[in-house]
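Read from first to last, the chains carry the letters A, B and C; within each, the first residue is number 1.
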Amino acid sequence: MDSRIKRAKMIDQFMTIVFYGIALFFFLLLVGFAGKVIIGGLLGAKPEMFGFTRSGSIGNQVFNTIYLVFISLLVSVPIGVLAGIYLAMYAKPGLVTRFLRTCIETLSSLPSIVVGLFGYLIFLVVIGLSKSLLAGALSISILSLPLITTTTEDAIKGLPEGYYHGSMGLGATKWQTIFHVLLPACLSRIMTGVILAAGRGFGEAAVLLYTTGSGSDLRWNNFSFTSPTSPINVLRPAETLSIQIWNLQTNGQDRALANLSSAVLMILVLAFSIGANVWSRHISKKQAGLEK
Amino acid sequence: MNKFLKGAMIVGLSAAMVGCSSNTASDDSDSKNESLSGTITAAGSSALKPLVDVAAEQFSNENPDVSITVDAGGSGEGLKQVADKTVTLGNSDVAAEEKLDKDQAKDLVDHQVCVVTMAPIVNKDVGVKDLTKQQLIDIFTGKTTNWKDVGGPDEDIVLVTRPTSSGTRATFQKYALDGNEEASNASMETDDSGVLLQNVTDTRGAIGYVALSYLVDNDDVDTVAIDGVEPTLENTYSGDYKVWTFEHMYTNGEPDKATKAFLDYIMGEKFGKKMESLGYGVSSKMEKTDH
Amino acid sequence: MSRKSMFCKEYFWQILVTIGGLLVIFVTLLIGAFLVYKGSDTFFKFHHTLGEFLGSANWAPMDNASSKGHVGALIFIVGSLCVCGLALLIATPFALGSSIFMTEISPKFGEKFYRPMVEIFAGIPSVVYGWVGLTVLIPFLKKVFDLQVGHSVLAASLVLSIMIFPSITSVASDAIRAVSKETRMAAYGLGSTRWQTIYRVVIPAALPGVISGIVLGLARAFGEALAVAMVIGQTTALPKSIFSTSKTLTTEIAAQMGNAMEGGEMKAALWTMALLLFLISLLFITIIHKFSKPKGE
């Protein structure tokens, strides 16, 4: 009896060590991975690579990446949030709702090359856009749509029931309740989802290959909406960091520049992941304070 | 009823919006007369992209109102997109007739902008500098599997090739292997020449092939002469080295003013020097234009 | 505001929200229809049988509009299954360990540092994974196993397992956290050690959620192309061991799609493979639903 307890305790301690070991392993793996990419990339960089020239630098690509993701969020956030509200508040359990959920999950597991070719056919061939930032952003929004929808739904469902009943009890209509009570209360969680979606958009290459093109020819004194060299024009081709990495690596040229873009892309992704986490923790603290 | 009407209205509205955005795409076509202006988009062959990139940069320094973008994506995509009119120029390693059906290909105008020479490359430790054509064929068809049979060390041969639809592969197969099919089930295919080069550099006993443009300033791999003829631009011009092909840039119909100027620039004498320094051959210097 | 306009507004938003939902369905159906339309050519235009496509290892489609080639995709299906299966075998224990660590062993540290860390793994672009795999993992494998070629099913599985580990971890840890406190307290109260509580009580209770995490990871793995393509050493042959080179559905699509002739037999076969991937995703999702309780119903 005694020995059995002893053994159980020993196994328990052993397993605790194993779990700590796994955690440590992944910590080291991430540090090693990020360290290799970021430090390696920054060390090999030359000062002129940080400029905004047509080739040989990353400035325009950083701008394009952020701009493209921003535009894609302008499309996917409204639709995603609406669909999330529908699922959380309006959908009745049944075939349609189940089907909608299946659709969302299917969208989130599509290979990105398929989304890219689909985007090419719909936005370029059928609608008639040229290879452009807009076409790429629309295709990316297909990818980020499921994430935003699920986050919104989970956020609304995660609110205490009292929010809904309290508001309805005061005579508010359903929509007033959603718009003035529920949405503000879960705004922070939705934002976290949006930021995560943005993080994924940054790294996407296969989708943009067929829809956005590799334009990096920007004139920073040109701010007309229609000129192909204007930074703010959404109908111009735009090379993002991930496409730049892809282009450079597949051609085996200027590896130092490819490494630098990888490093900068990693830093962007890291900044967004950490930002999303800090944000959500900050807000949940604030909410916890309110609820007391 | 009310519900239905509202729904119909919104659907109509969003359809109208989509319609609007498609119209704005063609806004920038009005051109000024005094200087060249316009938008040129090119897509296709990844082997051609580095060259067109450099040409585009120099050309737009001289003509600041012309915006040029160059994409990779593969020869098939390039040809398809120029036939779809989603790009102005379709870059291809192969003639349009091989990747499009006759209806689509008949409107395309061919511009043979340069010559690309393919060279067999081997890992440094192999030490074989010269192979006969027959030896090369035996290696790539999987008949010879050890380097000692062709004068190298006792080491397995690792074939590193390109996917079956690749233009580089088609050229190499046609002119270096006399049309013999490569052994697909024994070779490592790589999606692009950059990764292929990396694989041959890193793998003992590896043999592959790339365009000369990838080998400028590269000492990590050895090139192999075929029947004693070194794969160089000079030997290509003189007709001694056979494994080369024209690179094509297709336009859909006759090119507009800006595009024509750009094509003339690439094929012009001034850019020719730059072209050779990048490892591409100048079309006009070819003594024989067929194999 | 008059009462009438208030209700109008109510309807308006209800319709708008419903349209949001319908739009998601519409996009998915459109993609599905697009794939069916493109992928059916193999069978109707080029007259190959479904049996040939799924069951034959003879992959030699013609890159033109004749139908004289062979479109057996068995190599890619087997390759995908091997690579993804192996990746799952490698990733699952680690992912489970991680999720237990961050929920049971060290919840505070887990929530504050470990979870964000895992999410960062999910955000790294696949091109970067592939390139690090090619330049770090492959030389490493060559050294450790004394191989001439480091590209292998094993290398692809290792890269994939790191890529899918975050999805499994985050879904599994959510499931484990959802196991009620009372269940745990009851186990402890009966004198169980922490490990006994974990593997006899918590894991069985969280099993449906854990399984849906695993299936989700598998779906991710099936769809990944760029990273796998760089390290699997694409060879058109069935894998003989974990050290042999092979191909998967996605690597072949990514490698050939850009170059294949539009309207040709090869392109049609590639689209059929994309359709197959879509159907596999659907299958996995159905499995997830079988195992996890329907949300909020």
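Everything that follows uses one rule, which is that contacts are C-beta pairs under 8 Å (C-beta built on N, C-alpha and C of every residue); 3 or more make two chains touch, one makes a residue touch a chain.
Keep in mind that what you see is a predicted model, and the values were worked out from it rather than measured.
Chemist: Using the touch definition from the top, list the chains contacting both chain A and chain B.
Modeler: C
Chemist: Measuring centre to centre with C-alpha atoms, which chain is farthest from chain C?
Modeler: B
Chemist: What is the distance in Å between the mean C-alpha positions of chain B and chain C?
Modeler: Comparing mean C-alpha positions, chain C is 32 Å from chain B.
Chemist: When the centre of a chain is set as the mean of its C-alpha atoms, what distance in Å lies between chain A and chain C?
Modeler: 18
Chemist: Of all the residues in chain B, which ones touch at least 2 other chains?
Modeler: Chain B, residues with two or more chain partners: 73, 77, 191, 195, 198.
Chemist: Quick one: which residues in chain C touch 2 or more of the other chains?
Modeler: Residue numbers touching two or more other chains: 16, 19, 254, 257.
Chemist: Would you mind listing the residues of chain A that make contact with two or more other chains?
Modeler: 249
Chemist: Can you list the residues on chain A that touch chain B in the complex?
Modeler: 54-55, 120, 124-125, 127-132, 134, 209-210, 213-217, 219, 226-229, 235-237, 239, 247-253
Chemist: Would you pull the chain C residues touching chain B in the complex into a rising list?
Modeler: Chain C residues touching chain B: 8, 11-12, 15-16, 19, 60, 63-65, 134-135, 138-139, 148-151, 229-230, 233-237, 245, 247, 254-264, 266-267.
Chemist: Show me the residue ranges of chain B that touch chain A in the complex, using the header's touch definition.
Modeler: It is residues 18, 21-22, 24-25, 27-28, 39, 41, 43, 46, 49-50, 53, 56-57, 60, 64, 67-73, 77, 84, 86-87, 191-195, 197-198, 214 of chain B that touch chain A.
Chemist: Can you name the residues of chain B that touch chain C in the complex?
Modeler: Against chain C, the touching part of chain B is residues 2-3, 6-7, 10-11, 73-77, 79-80, 83, 98-101, 104, 155-156, 158, 163-167, 184-191, 195, 198-199, 202-205.
Chemist: Could you please specify the touching residues of chain C with respect to chain A in the complex?
Modeler: Touch list, chain C to chain A: 6-7, 9-10, 13-14, 16-21, 23-25, 27-32, 34-35, 94, 97-98, 100-102, 105-106, 112, 114-121, 123-128, 131-132, 136, 162, 165, 193-196, 198, 216, 219-220, 222-226, 250, 253-254, 257, 274, 277-278, 281-282, 284-286, 288-289, 294-297.
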